[in-house]
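Listed next: structures, encoded as structure tokens.
Below are two complexes that have chain A in common, paired first with chain B and then with chain C.
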Partner chain A sequence: MLACLCTVLWHLPAVPALNRTGDPGPGPSIQKTYDLTRYLEHQLRSLAGTYLNYLGPPFNEPDFNPPRLGAETLPRATVNLEVWRSLNDKLRLTQNYEAYSHLLCHLRGLNRQAAAAELRRSLAHFCTSLQGLLGSIAGVMAALGYPLPQPLPGTEPTWAPGPAHSDFLQKMDDFWLLKELQTWLWRSAKDFNRLKKKMQPPAAAVTLHLGTHGF
Partner chain B sequence: MAPMAVFQTSFLLALLPLSAHQSEVSSEPLSLNVSISSAQQRLHLKWSVHNLTHPELKMAFQIEISRINKSNVIWVENYSTTVQQNQTLHWTWESELPLECATHFVRIWGKEDDAWAPHQRVWSSWSSWVKVDAQSLLGQGPPLVFPIDKLVEEGSNVTVCYVSRHSQSNVSCLLHGQRIPREQLDTHVSVFTLTNVSFISTWGSNFYCENDPDIIAGAEPGTVLFVSKVLEEPKGFSCETRDFRTLNCTWDPRSDTDLPKYRSQRYALFESFSGKTKSCEQKNWCTWQVAQDSQMYNFTLIAENYFRKRSVNLLFNLAHRVHPMTPFNVLFESVSTANATMTWKVHSLGNFSTFLCQVELHGEGRAIQHNASSQVDGQYFFSGLAPATEYAARVRCAAKHFWKWSEWAGQNFSTLQAAPSKAPDVWRSVRSTLGSCNVTLFWKPLSKSQAHGEVLFYNVATEFLGRPSSSKLFSIPAPATGTELSLDGCSHKIRVTASNSAGTSPASVMAIRDPGNQTAEVKEERIQGTEDGVSMSWKPPPGDVIGYVVDWCDGPQESSCDLQWENLGPNATSTIISSDAFRPGVRYNFRIYGISPESTAYLLERKTGYSQELAPANNPRVNISNLTQHSFTLSWEDYATDSQPGFIQGYRIYLRSKAEQCPPEFTKADLPDNSEGCKHDIDNPEQKTFVVENLQPESFYEFLVTPRTRAGEGPAHPFGKVTTREQHAHALIRTILPMVFLLLLLTVLCYVKSQWMKETCYPDIPDPYKSSVLSLLKPKENAHLTIMSAHDCIPDKLEVVNKPEGIKAQFPGARKSLAETDRTKHDYIYLLPTEKSSVGPGPGICFENLTYNQAAPDAGFCGPVPAPHTAPPGMGGLLTAPGNLLRSLEPSYMNSSGETPAGETTLNYVSQVASPTSGHKDSPPTNSLELAPRSEYRMQMAIPPGLASPSPNENSSLSSMSFLGPGEHRG
Partner chain C sequence: MAVPVPWACCAVLAAATAVVYAQRHSPQEAPHVQYERLGSDVTLPCGTANWDAAVMWQVNGTDLAPDLLNGSQLVLRGLELGHSGLYACFHRDSWHPRHQVLLHVGLPPREPVLSCRSNTYPKGFYCSWHLPVPTYIPNTFNVTVMHGSKIMVCEKDPALKNRCHIRYMHLFSTIKYKVSISVSNALGHNATAITFDEFTIVKPDPPENVVARPVPSNPRRLEVTWQTPSTWPDPESFPLKFFLRYRPLIQDQWQHVELSDGTAHTITDAYAGKEYIIQVAAKDNEIGTWSDWSVAAHATPWTEEPRHLTTEAQAPETTTSTTSSLAPPPTTKICDTGELDSGGGRSAPFGTRVPVTLALAAAAATASSLLICGGEGPPPSSLTAPACLPRARRPVRTRQRTCRGAGGRSRARRPWFLFCTRAGGPSAFFSDTICRDPGGPGPATPLPTTPHRPSRLPQRRRATQLTRPPKTTPPRPCPLGLDPPTPATPRSPWGPEGSPSHPQFLLLLQPPVCPRVSVATIRL
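Let's look at the complex of A and B:
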């Protein structure tokens, strides 16, 4: 009973009955996506620490900030604040979806290269989680009535080992992939938090129907 | 841009021959072509010789390689070979410096080297310099580091260069975080020499450079060095066959870097007789197909990586490397109580049909090993086995030419049961009550080797000795270890047997008789425990014995006795009893019985002792009595000596005091708490009192009584405390108490008889009639004894008394009690003789009854003259003295009110009349003052002229008044 009550309180913002009309709307999906983003942020912190230690110095040094040389193909998470504020919901979600599609593809390539079995397991687990995030974003977009972005012909994100890449530059790319992923997850948390607030109904109209949880 | 530049560099330099840079001049005797392999840092030289004079000619060539500029020759190589017509010659040079780091120049010349050649030792002209400029392909991109991702061997030296189009003053490069010293090769190239590189990770060691971001933005060049461990020679290379079809070769590959990007070290088998080679897929084993006609094999195991090749040889005869397969179908046949036959099969090995097999039998806690020669079908007969015992048998085989045993193949089996081989070990406890006899039988379970199977029950047969036909049989199921019988009379013979499914054991027989009071009759002796157990001995009885039994209780209490016994032979007179149940500090009682030929047990001796004695855990509770000045008595009567963890040998008494000397019975000793003191040992454990004597009176002593056992003393605490009595206290009490009693008695008597005492000793007013004077006078004037009346008395003299005390009495605070004043009057008032004694001219006469008038003049009215006690008072002195005294006094003491202060009175008329109403002599002054009106006399004053008038400045009347109370001025 107590555990159930705690669960309810924890997910109170995501309780579908909080909607005025009784239709849960995109609110719960956004909350779940937000929660998943925060979970992935936490997961990535551990994974990146391990992976960068494998790469060795200078990649595992805290103040290492190399130029973004070979990472042009990675979607940039950094954006001007005004531009970010002015994004509409559709564009915001579309950018997130596209970014994680690309990042997931690169991450799978990273997994293929990893020599250590333990690292491969961690990467595979993270890829699964990231795939889940992608599905969650798609769910939010669907709930809001936005179509999923269609990849342009020939621009399907694929990963292929770059023969021209030296090992050092490859390590640099790996570094940037993890860094961009971290920034994207941070940005997504902001995005979904903003969306979540936006989708919340006015407080006066909130009615809590606990009956849906069996009370 | 940078990746593209690297891409171009890697591919173009590696693949394209540098024909663009070559100078091939047909007129030159040698045409040189140079290509580079960037990854391997190699220059590949190709040249051909024009116009050979012979189809085949031995020639010598000299190659020069310069770096940066042509004059800087860094390598000269002499190369001799036989040259044929139109043959292209090859030579490769490996640079320690990556080729991208500097421009290189190559040229060559040659000469005929045959002895018969006409132009011997005449060099041709040099070819043109061939310029190898890999830098020119790098373009103007960001700085780069060369070599790119190089594989190096651990311990080698590597040269790395940093190429940039910018100034390199601030560049700093590190290998795995460690800074490397820089060497400037030219304005755009810095060289770093990495010495003795070591393996760090399979992900490689990062060499990277940090630029000054102000000069070169957006560049962080680096490279990864993959360090391979040095290839080691394989160890333990060995080959064997198990089926004569396949040889299995194994080895220990030792260390292996196992870099993911580069192929690991490889292994191959080469067999020299057949000339065959096989590349091994695994790193530590490889298989080889046995050829039908080959018996001898000579293998070479070749280990190879990028840098080294190692090999190890092995020559053997196949028949000597046979490792048979595990035997199978292991079975047991004809298993009886003591025998069994084991059979097995061995895999056939073609012509090899005889095997050496090893059979092992495990059972009864031991293992027996036998060797047996065997064909494909083998068998072994086990004998002398114990009945009803589980055994584990196993077999392994080796080829005739022993190489290795096969794995074990085993099977368990059990022999059949047999009847128990030994009678149960039985003992008894007998209690006879009112004609019946309660017998408790105990027996020990038969050991596995004696039981020969699971004992199912025990048979107890009793037979009354008087009537052999009256036998009874009891069957007690196992695993009982005893039973209780109630017999009619104690004279019985008891037989006990054990039965299993195969039969019954021999009987254990004992005869029971009334034990009587044997225990009380036999004296108990003390015995000592040793490390091995409790040792005891006894005297053989005069009669025949067939053995002895010692029994005891393992349990500490009679109720939890857990009776144990040990059988001993008829010749035994001593034994050592040990038991896992024995605990240190527990007393055990042993009884030794002799067994008569009629199987009757007689108690011979009783022993008591400890397996290990312990020091007493507690000290006795000690009482102190008979405490005197020099001694006290210690007693610990209630201390139980029998219930201690050891035999009490005596007691030790410790005494501690401030005295340096010990009492005579004590000796100096270190006390258990490491302080100094005295000790006295009592060797009789039954002595439980001790008088500590010869002590100092009124001294503090601490004492400790601790028992002693063989293991030591009791605890070192707590010390008791006692203080001896005072030396004179007793005498004083005997003296003082009666005195106090007598004093009290006297006080009570005095109180009761106080009136009588007063009347007798000190009446308030002496009764003249009772005066003793009268008794003296009576005989002479017995007729008229009268008391003189005051009315009849005519004064004829006056005595003037000067009383300086009166002045003195005027000082504040000088108002002493009258009683006090009165005490002084006798010193200063004199009854002067009339006329004759008058010396001075003035009237200075006073009649004073020493018994009567004490209270009448108070200190102020009749002050005594402060004359010396011895000096006879004179009138002159009396008159002048007050004046002198007054002059010396403070003015305040001069009364200005016209009243005459008592202290200033110089003439004092004192009535000598004894007033009937006069009070007690101790009456207060007010009362005495009241006497004045009733008296015939009045106070008069003779004021000296000098004192007639008070001082005009006198203002001390208030103070004077305040000093004298109003009452004092009346009259």
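Let's look at the complex of A and C:
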């Protein structure tokens, strides 16, 4: 796997604790985070297209539907419908934060010497934007008073390079990374939509209607 | 010795005969069902009969000609759908039925067309299928849904037999879904499959209950409201955004507005007095595709009530509908009030003299009145009073191609529908743009029908132009002043007088300066 020194990520610059008195609440920052996910998703679309073309066939074929083998360390966005709906705010935000931390780490490890300079620049730009998203999520968590997730001992994503992957398997990992990234961005948009609706006081009456839809 | 043998022989013979008889005249078994391909040839044997047996064939009770037979077998060439039926062969002499075949002519199935869609995201999705070409014989379909290596259950739709529903167990999956369908019938077999991501098949149903209303005291606004489709289960967590399009009925160009939330919108740039058609579509904020367009809503912006003049001898019932679409009231005076005809009813044929304002007021009572104003853009907000309003016994339709005014301005190809009166009035008022019917060829052609929903009007250059009438009259300059039409030969463009089925036209004349004229069409 990729050698990844990601400890630096876990020591993000501490978000200054917001003075709760007089702050407008987490609403604006949730909206900002939502907007960032949309921006990133848009950016990823063009980046993924270019990168998959660089990987070459069959990765850039629209019907490519491989079984999910390997890439176990990637955080998976997929979740049971009921479980997802019943996530509390803290868990929802934590899952998002941890997922993007991992994904950013993997993304940084995409070190393709053969990749064109343009592609490397796009990747770097995307990493920076993703870093911004992480910061935004951290801001929301701090505003709501939730602690930032700390890396558990032993699960730190630092590892020595594993057994030499074949070039094809390496490309498969890249493929799944991009796929997972895209799916996470879609999921985050829905996550932050849900949070946004919860935070809106006048919409409180509306959120109660959720129960009547028979979920 | 000799005695028992003949008895035994007789018994055996009798038994044999009985068996043979039974075989030949067995009670009719169920017909044999046979499927054959359209266009092919088929030979139907008469059960177990010998080739040279004497048989007659019938189809559905009708005798078949013997020239179709090959011995005792029926030969059908170039099977058509009409060949399907119950074929029976009979012993020619005794008419004992021997064999029956129920023949079905059909085709093997072509590759089915399969599509899946999620209009209830995140609850689930459905897949529906059909055959591009009918087979004319029964088919069986078998649908399987795979999510990676997991098989998912597709529940049959209770109402539609070519649709089944799948529930999402997991959301936000990176693994594609694969839906395969196989179809088979007696003549063949076919199959197809599609794979897709969870997000790509999301397409909501169109918004419901689209209602458009005029806004009081605002002649250029329309308020549109709608509801999220009832099949969308969770608009809170999965909000929809909307796309609204609107146009006046008489135009082909749509205006578009994209709305990121909310189920209401106010159009602020509607043309005054024009009927609009409005539609809305919906889409999940982040994923999937736009829904189909909703059922269209129609509305006309608010217009001011026409003011009734005190000089009118009789005013018809005042309008009660606020959706009347008249232009602002003409502040025209009517000359020769003594000639005022009181027949200002709603169905008054135009053969009678109806003052313009009366006709307007009458039309106002009709909620469905439609106003089209000639000239560029919306009609002017007010008509200043001309010196004198012409008034006619009969409407006159002119088909001048060009009218040259004193100022040299020409107005090409506009049909002018006038009330004209004896030119006792100031000819200067009429200016030079008013052209009279040259009295030329025949009755005028019927006018184009006003736009009916939802038919589309012929192509127009501008919203306010009417369809050009056929060019039967040569162009000629418009004479200054107006010669009154001879009363004996009234020109009614609609054939029989006052045929109410055609849209009625009014010409509202503007001030004496050439030639801004509004043409009002009022559907009575």
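Some points to look at:
Following the convention adopted for this analysis, the second predicted complex is superposed on the first by the 169 of 215 C-alpha atoms of A that agree within 3 Å, B and C clash if a C-alpha of one lies under 4 Å from a C-alpha of the other, contacts with A are read in each partner's own complex, and residues count from 1 in each chain.
In the analysis below, contacts are C-beta pairs under 8 Å (C-beta built on N, C-alpha and C of every residue); 3 or more make two chains touch, one makes a residue touch a chain.
Note that this is a predicted model, so its numbers are computed, not measured.
When the two complexes are overlaid on their common chain A, residue A:Leu55 makes contact with chain B while staying clear of chain C. Applying the stated contact rule after C-alpha superposition, one finds that A:Lys171 touches chain B and leaves chain C untouched. In the superposition on chain A, A:Tyr39 makes contact with neither chain B nor chain C.
In the superposition on chain A, A:Trp84 makes contact with chain C only, not with chain B. Comparing chain B with chain C, more residues of chain A are touched by C. When the two structures are aligned on the shared chain, A:Pro67 is found in touch with chain B and with chain C.
Shared interface residues of chain A, touching chain B in one complex and chain C in the other, are 67.
Interface of chain A with chain B (complex): residues 54-59, 61, 66-67, 69-70, 115, 162-169, 171-172. Residue ranges of chain A in contact with chain C, taken from their complex: 38, 41, 63, 65, 67-68, 76-81, 84-85, 176, 179-180, 183-184, 186-187, 189-190, 193-194, 197, 206-207, 209-210, 213, 215. Of all the residues in chain B, the ones that touch chain A in their complex are 2-4, 6-7, 10-11, 142, 145, 148-149, 174, 176-177, 200-206, 208, 217-224, 226, 260-261. Within the complex, the chain C residues that touch chain A are 122, 148-149, 168-176, 178, 195, 199, 233-234, 236-239, 285-287.
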